[in-house]
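Two complexes are shown next, each including chain A; its partner changes from chain B in the first to chain C in the second.
After this line comes the complex of A and B, so read on.
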């Protein structure tokens, strides 16, 4: 059955061909033509080649400049209507933010107000983001996981060749520097992780520094060395365990808070390390998860396995 | 006081000049090994001069101690990464002799 003419024209238009050129005699001829390079076709040339590339480029350049100018003028006009910094009448200056600023330290206990807001006042939202991170990492690993079905012999040979090059290139300089730097970088990451409720930083920042330290270790000493303490099992345990720990803490806090019960996590003295209730354990859990995700992404993109 | 600011300005200006030269080199050169040679100027000489200017401007104290620490870490890590990039290029590029006039 032959498709109606309007449908064939629509199909060619969707495929990027010119609908005005003569139509091919049959479907087979059309698809044979499409196998060739665009310049060599007699029928069904893309619009770009028909009009000449330079004309299309020039027109798109003119359009780009025009739209950029129009949008920048629109944005500048909008900026003029924004409220001033520190304006009392501004829309963000409402009772919510006033409450966060006035009672945040007293109610939640962390001197870092941002940590108060994202981990306790809006903790459910941040928990959702952590789930998104977990799901994203899982999906990426599903796509990149190398097993028998999606690796050919050529891939394995290529990986072996790269490993050999890596082995030859592994020399004294990087190893010595990493031996000096690794503890410092790890300590810095842990510091940021554990001081998330006192100073800027927290789970995501500290975790990415820890992940960077793991990647440095992998580069300097090879993947076998990292596997001795961070393999598949450890990865899964930390990742799932941290998320479940986070979920349990958040559920407990929401339940206790909404029913007016007493929280078993003491708020402590604001400004000391062991204070602010659930923020410190949550930061540690999030940081571990982020570090695992970063290192796993690195190795999965490189070799397809941990 | 005036003297110190002039000295700091000279140092920072020299540092910015170094960074500019390195930036120009990165865009002017056309091959990895020459490009990293240009880019390494920023991390070593450029940061040294700019940080020295900042220390002169602010005097000695906690802030300058932190600046010195940053400089130490920069000098530890940046040449190593440059070395690593060069090493990988030398090992993986099969047409190396075409780019290097001097034989390996």
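After this line comes the complex of A and C, so read on.
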């Protein structure tokens, strides 16, 4: 059987006859080569591709299928070792969870036990996560922000075209449906936000719904209408203010709790809307922040500015 | 396990496979949204309403919007071609 070409080249390289990588080509030759199909190129072709692109593709397909099957089997074996749903002997069933369930309402005051755990018992973790999210959102917005000095003429024309469409009036059906739907969606988001300590939901879910409502509004009525009540000043004030408010509340709770002092936030009667101490204000702050972030992602992605 | 749970789980598997084998990107996103909707109903049936709400709001709503925006910036949707 004839040895493949790459093997013969490797052999020659071992004997010291030729370099293993192709000689660097001049610029003109390189650009001429780029016009050709990958199979026809002679310059700048990696050594592995001497074996033929189809062979490499077939090998990688076989490898992909093989690794997918192996990982699926591994995952299924792992799932088989998990404790049964609702098993009393399962490892998570220990004194920590029992205390959360038995004394959570009495100690923290929210009837939604999940809110008790993530916002008070594990409040420090959740605050760290919020900071990470804030940092991530800031970095993404820095990347997406339109640079006026580095915008091509085509992008500017595109933006102008979008603004013209805004002024002419958008889709009538979307506008009418949004007029009916928007208050309901907003109200539902606020309900989930403010009822986070009583029923499922909370800051993150409610904030996403509010952000979705803002995005719907932008689509139906154009960015100018949204800017009239939500421009970048409002955005910065809400986003930074909410995070600082959250930080102050969490620091106060940790300080009071670790020193055994009396908390000035009353726990109230479990089940009423003004209860559970810091959970309601924290939920509102997180929700506002998430709503701002969602809407900002949308506009920065589309237009590069708020 | 009730009939509706079986139906939803089967739908999840069908959607997950279909999303991979669809050639165009827009149908893939719509199938992914259908996957998220069914998953949120399953969370509700598994008595995790917190997750159900978050999945419906973030997994279906915001994710789909961001994917569609990405498609629009890549000029992969009808009506958003560059005007010559």
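Assume the second predicted complex is superposed on the first by the 222 of 306 C-alpha atoms of A that agree within 3 Å, B and C clash if a C-alpha of one lies under 4 Å from a C-alpha of the other, contacts with A are read in each partner's own complex, and residues count from 1 in each chain.
In this section, a contact is a pair of C-beta atoms (placed from the backbone, for glycine too) under 8 Å apart; a residue touches a chain by one contact, two chains touch by 3 or more.
Bear in mind that the values here come from a model prediction, so they are computed numbers and not experimental data.
Chemist: So, does A:165 touch the first partner chain B, the second partner chain C, both, or neither?
Modeler: A:165 sits against chain B, while chain C stays out of touch.
Chemist: Check the residue A:287 against both partner chains and state whether it touches chain B (first), chain C (second), both, or neither.
Modeler: neither
Chemist: Considering only the touch criterion stated at the top, classify A:208 as touching first (chain B), second (chain C), both, or neither.
Modeler: Touch partner of A:208: chain C, not chain B.
Chemist: Per the contact definition in the header, classify A:174: touching chain B only (first), chain C only (second), both, or neither.
Modeler: Touch partner of A:174: chain B, not chain C.
Chemist: Tell me the contact category for A:104 with respect to chain B and chain C: first, second, both or neither.
Modeler: In the superposition, A:104 touches no partner, neither chain B nor chain C.
Chemist: Touching A:298 in the superposition: chain B (first), chain C (second), both, neither?
Modeler: It touches chain C, and chain B stays clear.
Chemist: Which chain, chain B or chain C, ends up touching more residues of chain A in the combined arrangement?
Modeler: Counting contacted residues of chain A, the larger count belongs to C.
Chemist: Note which residues of chain A are touching chain B in the complex, please.
Modeler: 165, 168-169, 171, 173-174, 177, 180-181, 219
Chemist: Touching residues of chain C toward chain A in the complex: what are they?
Modeler: 49-50, 52-54, 57-58, 61-62, 65-66, 69-70, 72-73, 82-83
Chemist: What does chain B use to touch chain A in their complex?
Modeler: Those in contact with chain A are residues 73, 76-77, 80, 83-84, 87-88, 91-92.
Chemist: Taking the touch rule as given, give the residues of chain A at its contact with chain C in the complex, in rising order.
Modeler: 114, 154, 158, 161, 192, 199-202, 204-205, 208-209, 211-212, 215, 294, 297-298, 301-302
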